[in-house]
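In order of appearance the chains are A, B, C and D, and numbering begins at 1 in each one.
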Amino acid sequence: MSTVGFIGLGNMGGHMARNLMRAGHSLVVYDANPKTVQQFKSEGATAASSPADVGAAAKEIVTMLPSSPHVREVYGGKKGLLETLKEGSLCLDSSTIDQSASIEVAKAVAERKSIYLDAPVSGGVLGAQNATLTFMVGGAGGKPELLTRAKVLLDKMGKNVVCCGSVGSGQAAKICNNMLLAIEMIGTAETMNLGLKMGLDPKKLASIINTSSGRCWSSDTYNPCPGVIEGIPPSKGYEGGFGSALMAKDLSLAQNAATTLGAPTPLGSLSHQIYRLLAQHPDFQSKDFGVVFKFLSDSKQ
Amino acid sequence: MSTVGFIGLGNMGGHMARNLMRAGHSLVVYDANPKTVQQFKSEGATAASSPADVGAAAKEIVTMLPSSPHVREVYGGKKGLLETLKEGSLCLDSSTIDQSASIEVAKAVAERKSIYLDAPVSGGVLGAQNATLTFMVGGAGGKPELLTRAKVLLDKMGKNVVCCGSVGSGQAAKICNNMLLAIEMIGTAETMNLGLKMGLDPKKLASIINTSSGRCWSSDTYNPCPGVIEGIPPSKGYEGGFGSALMAKDLSLAQNAATTLGAPTPLGSLSHQIYRLLAQHPDFQSKDFGVVFKFLSDSKQ
Amino acid sequence: MSTVGFIGLGNMGGHMARNLMRAGHSLVVYDANPKTVQQFKSEGATAASSPADVGAAAKEIVTMLPSSPHVREVYGGKKGLLETLKEGSLCLDSSTIDQSASIEVAKAVAERKSIYLDAPVSGGVLGAQNATLTFMVGGAGGKPELLTRAKVLLDKMGKNVVCCGSVGSGQAAKICNNMLLAIEMIGTAETMNLGLKMGLDPKKLASIINTSSGRCWSSDTYNPCPGVIEGIPPSKGYEGGFGSALMAKDLSLAQNAATTLGAPTPLGSLSHQIYRLLAQHPDFQSKDFGVVFKFLSDSKQ
Amino acid sequence: MSTVGFIGLGNMGGHMARNLMRAGHSLVVYDANPKTVQQFKSEGATAASSPADVGAAAKEIVTMLPSSPHVREVYGGKKGLLETLKEGSLCLDSSTIDQSASIEVAKAVAERKSIYLDAPVSGGVLGAQNATLTFMVGGAGGKPELLTRAKVLLDKMGKNVVCCGSVGSGQAAKICNNMLLAIEMIGTAETMNLGLKMGLDPKKLASIINTSSGRCWSSDTYNPCPGVIEGIPPSKGYEGGFGSALMAKDLSLAQNAATTLGAPTPLGSLSHQIYRLLAQHPDFQSKDFGVVFKFLSDSKQ
């Protein structure tokens, strides 16, 4: 079993790292928070004092960081990975960041004769904990042996690995899916609220939509109207789930890409603005993103 | 077999009326276009010279008209149905109109001791032709015998009858579904276009979305990006299908309802504006509503 | 001095009626609230028990009502004005309503050989109180003697009378101005908030805009950022001024017209949605419409 | 008279550089296009072969470049200004770029013991040619002697110099003004189009708005409805003026800032999307930005 470097031990990364340890890998870990590193040391990992230390100790490295600047710093900053990376290393970056950042870092890693794959995830904290994440991998298109090498680690942290194409395509797939998801969630919230005001029973309305051309995941699996589907965050006060502020972040990545590439996204752009409003509202920012139903309906504000 | 009155023999109504005749019903028909009436006379129907003539001749009446003012006029205008309607008549109105218009006409019909059900359809011209329409029925909620009576006719023109609740609930269900459909169609078009510009293969992107939280009917069954799904209008030059101008009309009904009831619908409202632009554009107005993909992408304008 | 009929003695109409009395006119008044009528009786007006009573008693009639259905009812309902209107009467309707409603009522009044002018106002409650309203008059275009007759009354309630053209043009002018006003107010709020976050001093930013191509009434006269202009509602906790819920109502009239006429109004439509959200929010609905600055900025929600 | 370095001799920069030469300054010039450099050499300027050559030759340098990456490259790239910049140099950057890019470059220049001021302009090509530009200067706030030094050059290229505050505040002021301008232009276009459809005369409507609360520069000085104001681009087929694609670029800078800073800008964001659509449309991209009137109205598409 190879020694794995792991950088970024937060809500998601912490669980992912533990799943690798459970599978038998030795870990060399780094996090901006020294207490987190100490905690992992007490669980058996080797503590590193910088990304460069990680690069010096392992040839398979996973990074799980909150934003593009963090990734640029961990790879290219002082005492960054690029300073020590050994030839032939494989960097799996599960951060959700700007596609342009992934492509830029991949180039720098290639100059070190190593490989960077973007591998953002879906599945949330529960998926990280239970090793049921889906990885959207960019950079392994047409390179089956590389994908096989990556899957040795990814399979221990998730259950699906989707090969999306060249470097950055993992980010593209995640950003695109989540932009459409946000549009559908807000759209479903608007529609449920309008239907209620028009006198429809919410479960009846959902059942009609779900067998019609309006059906989507947000209507049939994660309906934001409380009580339509039991057991999901919208029926539990929007606790848990995928936070509105996180959705705002993913939408900002979509907008960055759309602006840079000149792609018109009127609904994606307005959805970004709506989640931007939710993200700055103390009642909504940390609630599940289905809470847009509550934001739009007048009953409970 | 009862004699059935039929008013409104256009693209949809013509096929529906013929399906009733094929099933053995005698028809008394009226249309604003005398040539259409003559054509039906030559096919064996009895020609009426006004809606009032139809009301005098039949106790089961189907109306299929283009807009709220037409429905108000056919029922309540000079020589309208209300002048002659016999006690105990059943009026099935398959027009897609403002909910408030359905409710208003239903009241006037009730004063004539008869019954009005709103029963708008989905399925398009092909569904009308092949008797595979879905009817969303309002006014028969909690009245199984009434629904049974209506289904005698509806089952000959379609394959699904959904009981939505009280009068106007059929309109509500259709309007809500179609508003969400428009949002998802535009959202999918934006997402596919953005994904292509980010370097993704369109079929690959669709397949990822279709197994993820972004999936919807517009992505997995009617993807607006040409070539992703063969055999549908978006892959055939957006010919046939559901016209952009018709979608603009349905969205205007949703906006009327939302404005009257004070329901915020930011994405539904913006979708209305986008289809409004398409509806006035000679290249787009009569094309399938998936053509919004072409409107948003720069390649072919 | 002629006897004037006055229907609708609310926040605006009450002041307007009193200004006519002060100028020496005898008034015959009606309001849906009997207490209000009694109050005016105690001030010297003649109380009427219905609009029809008003129509029977005066040939110059002012109506000031909250919405299209109220106007339709007061004119065309049971015991409505149309039942008793004398030939040659002049009806001045200062209500802000759908253009289509004004045109419809004007036709019915013309059938009674009388004249209906739409004459909606700007200037608010203070303008009504101080007789400084602006009237936007429709129906007197090309008819100077008619305008002169109307101005006998209008000049006592306001200081400006703008002749806009044919019947309904008064509504059109008011609705158009207020839609643009809403867009500019929200736009200014967004811009001031963005500028602050970019590190600009708000007064400095306003002064730059106000001498540049971005200047508008909402930036140079009624800036929604507190403290930029002293003495206006945005600098006094958004108290007084023009309420957000009233702006939502005017925007709904603009949207009704745009939908009926097929005019794309993407920003007008989104502005309507934003004021719709404010109008249902207990903290914002009765505050001055500049409060959208607070809604958009994160500091105080 | 000091020797001035000038980098970026395009549509704007070419005129600005010539105005400095006319005023008596010796110029050392660089442009990515060697032919342009040769042209200036033939007019008496000294040709430089790189930005570094310019930095070595002059202590007052003006840069006028199309986008943030160009500015980063000219200053920080290989053979960039930063390689040779002499202590005490003054760099005046008239490019319209991301505020964050200005701040970043200013820091790097400060490390060279020199000063960078952002000084974006308004006034267009005509303003550059006639030396009537307005400069919005960031970085000279509270430093009158620095502003005086900058004005020695700026006054020869324009007629107004506005001191906006610290570094980046010039970009902020320009971006904010232009975002509001775009909102008002589209809003005016929507309003004029709606008013026409409601039966109003366009000049009458404009005159009402221009004396009411809806007035703005786009309604009273640059009305996008052809014929309302003679002599401006909207009345000359939208030729000349400020191109739609340039407006799309400025709006993208506003969106970048709003996204980075978390400022909700629903109308600014939708305006960006609308100019994005215009910018990719062959009929609209190079037309004056008032052409949005034509895009929204159905008459001429």
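Definition applied: contacts are C-beta pairs under 8 Å (C-beta built on N, C-alpha and C of every residue); 3 or more make two chains touch, one makes a residue touch a chain.
All values derive from a computational prediction rather than experimental measurement.
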item: A-C against A-D, pair bridged by the larger set of C-beta contacts; value: A-D
item: CA centroid of chain C to CA centroid of chain D, Å; value: 40
item: For chain A paired with chain D, centre-to-centre distance based on mean C-alpha positions, whole Å; value: 38
item: Distance between chain centroids, defined by C-alpha means - chain A, chain C (Å); value: 50
item: Residue numbers of chain D (touch at least two other chains); value: 262-266, 270, 274, 277, 280, 296, 298
item: Arrangement of touching chains [line / ring / star / complete / other]; value: complete
item: Of chain D, residues touching chain A in the complex; value: 252, 255-256, 259, 262-266, 269-270, 272-274, 276-277, 279-280
item: Contacting residues of chain B [partner chain D, same complex]; value: 270, 277, 280-282, 295-296, 298, 301
item: Parts of chain A lying in touch with chain B, wherever the complex brings them together; value: 99, 122, 134, 136, 162, 164-166, 168-169, 171-173, 175-181, 183-184, 186-188, 190-191, 193-195, 197-201, 204-205, 208-209, 212-219, 221-222, 254, 257-258, 261-268, 270-271, 274, 296, 298
